[in-house]
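Below you'll find the structures, each written out as structure tokens.
Shared between the two complexes below is chain A, which pairs with chain B and chain C, respectively.
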Partner chain A sequence: MLTLENVSKEFVLSSGRRFNAVKDVSLDLNKGSVLGMMGDSGCGKSTTALIACRLLNQTSGKILLDNMDVSSHRRKALSQFRRSVQIVFQDPISAFDPLHTIRWSFSEAAAASGMTAEVQSERQDELCQSMDFPLCLLDRFPSEVSGGELQRAAIVRSLFIKPDYLILDEPTSMLDLSTQAQISRGILSIVQNDSIGILWITHDEALAKAVCDRILYMKDGMLVQQS
Partner chain B sequence: MNGSVLSVRDLRVNFQTNGSKVSALNGVDLDLAQGESLALAGESGSGKSVLAFAVLRLLDDVADVEGKILFEGEDVYQMAHGRLLDIRGKGICLVPQSPGTAFDPLRKVGVQISDFIRKVEQIDAADARSRSITEMDRLGLRPVKDTYENYPHRMSGGMLERSLIACATATSSRLVIADEPTKGLDRRTKDIALSALLSTAENGALMMITHDLTSAKRCERTAIMYCGELVEIGPSESVIEDSVHPYTKGLIRSMPERGMTPIPRRVRSDPGGGCRFYSRCNEASEKCLFHPDLRMMRGREVRCWNVDA
Partner chain C sequence: MRTWKGICAYIVRTWRGLETYQKAGVFILLLLITIGSLAPWIAPYDPLQTGTPFQSPSFTHPFGTDNLGQDNLSRLIYGIMNTIKIAFVAALVSLAIGVSVGVYSGYYRGWREDALMGVTDLFLLIPSLPLMILMASYLEPSEWNIVLVIGFLWWCPTARVVHARALQVRNQGYVRSALALGYGGPYIIWHHILPNCKQVIIAKFTMGVALAMLAEASLSFLGLGDPLSITWGSMVNLAYSCGGFANDLWWWYLPPCIMITLTAAAFFMVGGRKNEGRRWQI
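Entry: the complex of A and B
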């Protein structure tokens, strides 16, 4: 279980004014379930997501992974934590090195987890199949595939090292309806097969209702409602 | 009878890439009358943005464009360069897809909006400033005092998108072409942006490219595009709520609230001579090996052999 306990984040603006982006947020993310997060732009969803995968330090509060406090992990311990919590952003282009092929980016992720070549190619086939990413595109560069294809690749890459939790920050908002449906179904099948816990941020209420087990609503940095 | 704002006739756009020819638009006919709003929907790569660029004659260097585009009766591809520059912005205003690259990163957003208004409307700086402030406020970019002075990198994607929309809605362009203007906006700001855009159709016309069929429904008409062809076009209510083309029906079934079933198989790079949707269609028959034309049926135009009146 990935837990946020009374997490707050305060930014100091250039004017010197203080701004509380996240206020006292607590949530539990369980393995094998999809937790939705909705709310207007600027309400603190993405900040919460960045804190949950420790890409951003919280001002106060704790992050617990299986009841172990990871809030102050650094270096080795932090990279160990990141292995179990991955994040995918709205725009996949930033997740790939523009100078290397998609296959290279996959093997980089695999190398980080010390996979053998055999296991890697098995994992690659398996993931590409569930995300419907055509294997013939593996040797292309990020600029040579469409946005939808690259987003699928970004999700494949984030799952390569078998994380326990995956945070998705509006993964389908750039995509057309058919591609959105395809990717969403792919993600749901992986949640079931690998029993991964997902935090899914979206603006699309219909999508949230279709994919999530539980939805949290945020407003002005606070959790206001649950359904 | 309302005057015609835009009239597109048999528009064909071909790109030359590595020796091979890629056809992006394959005979598009489209009319937009004064006061009309049209939503243009379809999967990525179906040619929606190419159509927008072709209307503004932005593809001259990169593609072969055939056919005719009339803006208020004037042929866009025959006019002198000076006249063309006059029409871009003042006559036809494009809201491009990526607001992150549309603004100069080194200048304040509010100042850039004012400059645009000043240039298009030919008014003095103070008037332009007050007009951009009013428009930014209307689009919910509050507190305007702060957002006006912001640099692009200090704004979120949604705020930049609305700033771009402000450029189009603050000026009196006769035709606004908005390329996915509601992408990434939350429900509240999406509603504000849509209302502002639709209001521009009052003194001209609006063409809105979108993936979001719920937003499309707010336009009077909706056109569905597949592989560079219009396949279904008519009143939004009929096209979206009572679709008849198998492709439109597939898009509707992809919506999360309508089953979230993707359209099977991928778009073929070489669609062959018959119906372009043939390889993915679940209603295909022998007739579909021949290319269908748009026919008027059940209150809208449809490009399908298997739809009966």
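Entry: the complex of A and C
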């Protein structure tokens, strides 16, 4: 279980003023369940997501993994925690280093968990097939594939090291409608097999209602309602 | 795995991506370096061989001879590699410092950024010419002084632009993804930040070489260079101190001046790039 306990985030703006982007948010993400998160843009969803995978330090509050406080982990312990929670961002273009091929980026992910080359290529084939990512695109650079294909690749990469939790930060909001549906289906087909905990941030109410076990609504940095 | 084929393909790809003026710059530089490295075979005389001093241009000495009767053309040719070598080392030193400071402060941010960028701003305030003159009056003349002055002054603008670029890159999704995969700062800097700062780094480096050449000329002119090493700057200095200017022996001082300008311009051409507004950018 991944838990956020009374998490707040205060940004110090360059004007010197302070801005509370996230206020006293608490949530539980269970393995094998899908938790939806909805809210207007700018209400603090992405900030919450970054804090949950410890890519951003919270101002106050705690992050717990299986009831163990990981909020003050540093270096090795932090890396280890981060590997158990992966995140897919809204913008697929910037998710891949423009100077490397997609295959390279996959190898980077594989190397992070110390996979052997054999296991890596097996996992790569398996994930690319489930996500419908054509293997012939592997040796292309990010600028040479479409946004939808790139987002599939980003999801493949995030699942490469078998994380326990996956955070999807509006993964389809920059794509066209038919691609959105395909990608959502791909994600579901994968996670139904693995018992992975998903935090799915989306604007698509129908999708959220269809796939999520629970939906959180956020407004001005606070959780306002659950359903 | 980098094979020869891969490297060749990379070179071809890079070459195709260059603007025409950049290709021209590369061409000039390659030509100069070829001539320079073949100096012992191309130059008509040993640059240190003395003879009749102050000769005017003739068939045997196209650019005449200097105050010791040394052939000016030969010295010009031998000067290519010396001049470029000093400028290169100076630019490398400044690049190493500037890139390290810029990337480190841009990636780690926080108090380290404040401290390092504060120091950079302080160094930016030091005017280079007065410092050179000051050094000229205290240091023994040596070609390493040029490396010192350029290396320790030109790193600041490099640090500034690399810092700005690193700030952009660190917020990209791929850096965050690498962090999420558990990679640490050194890995990310080496594999993502530095390569993505490549363009500004190359631009700053070629500018650095060009500026170092100009600085070498001025420092040699001020007498801070090594009088025994054959560089274009020291040739101009010699012409000046031995009356070449006063007696208007243009074939003595003009060729090295032109070579300095040409080579510096070639480096500028390689590193300069036009932005969308088609204005020159440094």
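One rule holds for everything that comes next: the second predicted complex is superposed on the first by the 227 of 227 C-alpha atoms of A that agree within 3 Å, B and C clash if a C-alpha of one lies under 4 Å from a C-alpha of the other, contacts with A are read in each partner's own complex, and residues count from 1 in each chain.
By definition in this document, contacts are C-beta pairs under 8 Å (C-beta built on N, C-alpha and C of every residue); 3 or more make two chains touch, one makes a residue touch a chain.
None of the values given here were measured: they were computed from a predicted structure.
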Checklist entry - Put the two structures on top of each other at chain A: do chain B and chain C fit, or clash? => result fit
Next on the checklist: Just checking: does A:D204 make contact with chain B only, chain C only, both, or neither of them? Give me first, second, both or neither.
Outcome noted: first
Next on the checklist: In the overlaid three-chain picture, which partner chain does A:V85 touch, first (chain B) or second (chain C), both, or neither?
Outcome noted: second
Item to check | From chain A, separation angle of chain B and chain C (C-alpha centres, steps of 10 degrees) | outcome: 80
Item to check | chain B versus chain C as contact partner of A:D213, first or second or both or neither | outcome: neither
Checklist entry - Of the two partner chains, chain B (first) and chain C (second), which one does A:D69 touch, if any: first, second, both, or neither? => result neither
Checklist entry - For A:M174, is the partner it touches chain B (first), chain C (second), both, or none of the two (neither)? => result first
Checklist entry - So, does A:D125 touch the first partner chain B, the second partner chain C, both, or neither? => result neither
Item to check | Touching partner for A:E144 - first (chain B), second (chain C), both, neither | outcome: neither
Next on the checklist: So in the superposed three-chain picture, is A:R185 touching just chain B, just chain C, both, or none of them (first/second/both/neither)?
Outcome noted: first
Next on the checklist: Rounded to whole Å, what minimum CA distance do you find between chain B and chain C in the overlaid structures?
Outcome noted: 11
Item to check | chain A residues touching chain B - in the complex, by the definition given at the top | outcome: 39-42, 90, 134, 146-148, 170, 173-182, 184-185, 203-207, 209-211
Checklist entry - In their shared complex, at which residues does chain A touch chain C? => result 50, 53, 55, 75, 79-80, 82-83, 85-87, 89, 91, 94-99, 105, 108-109, 112, 154, 157-158, 161
Item to check | Residue ranges of chain C in contact with chain A within the complex | outcome: 172-174, 176-184, 191-192, 195-196, 198
Checklist entry - Which positions of chain B touch chain A when the two form their complex? => result 42-45, 156-159, 183-190, 211, 213, 250-251, 254-257, 260-263, 266
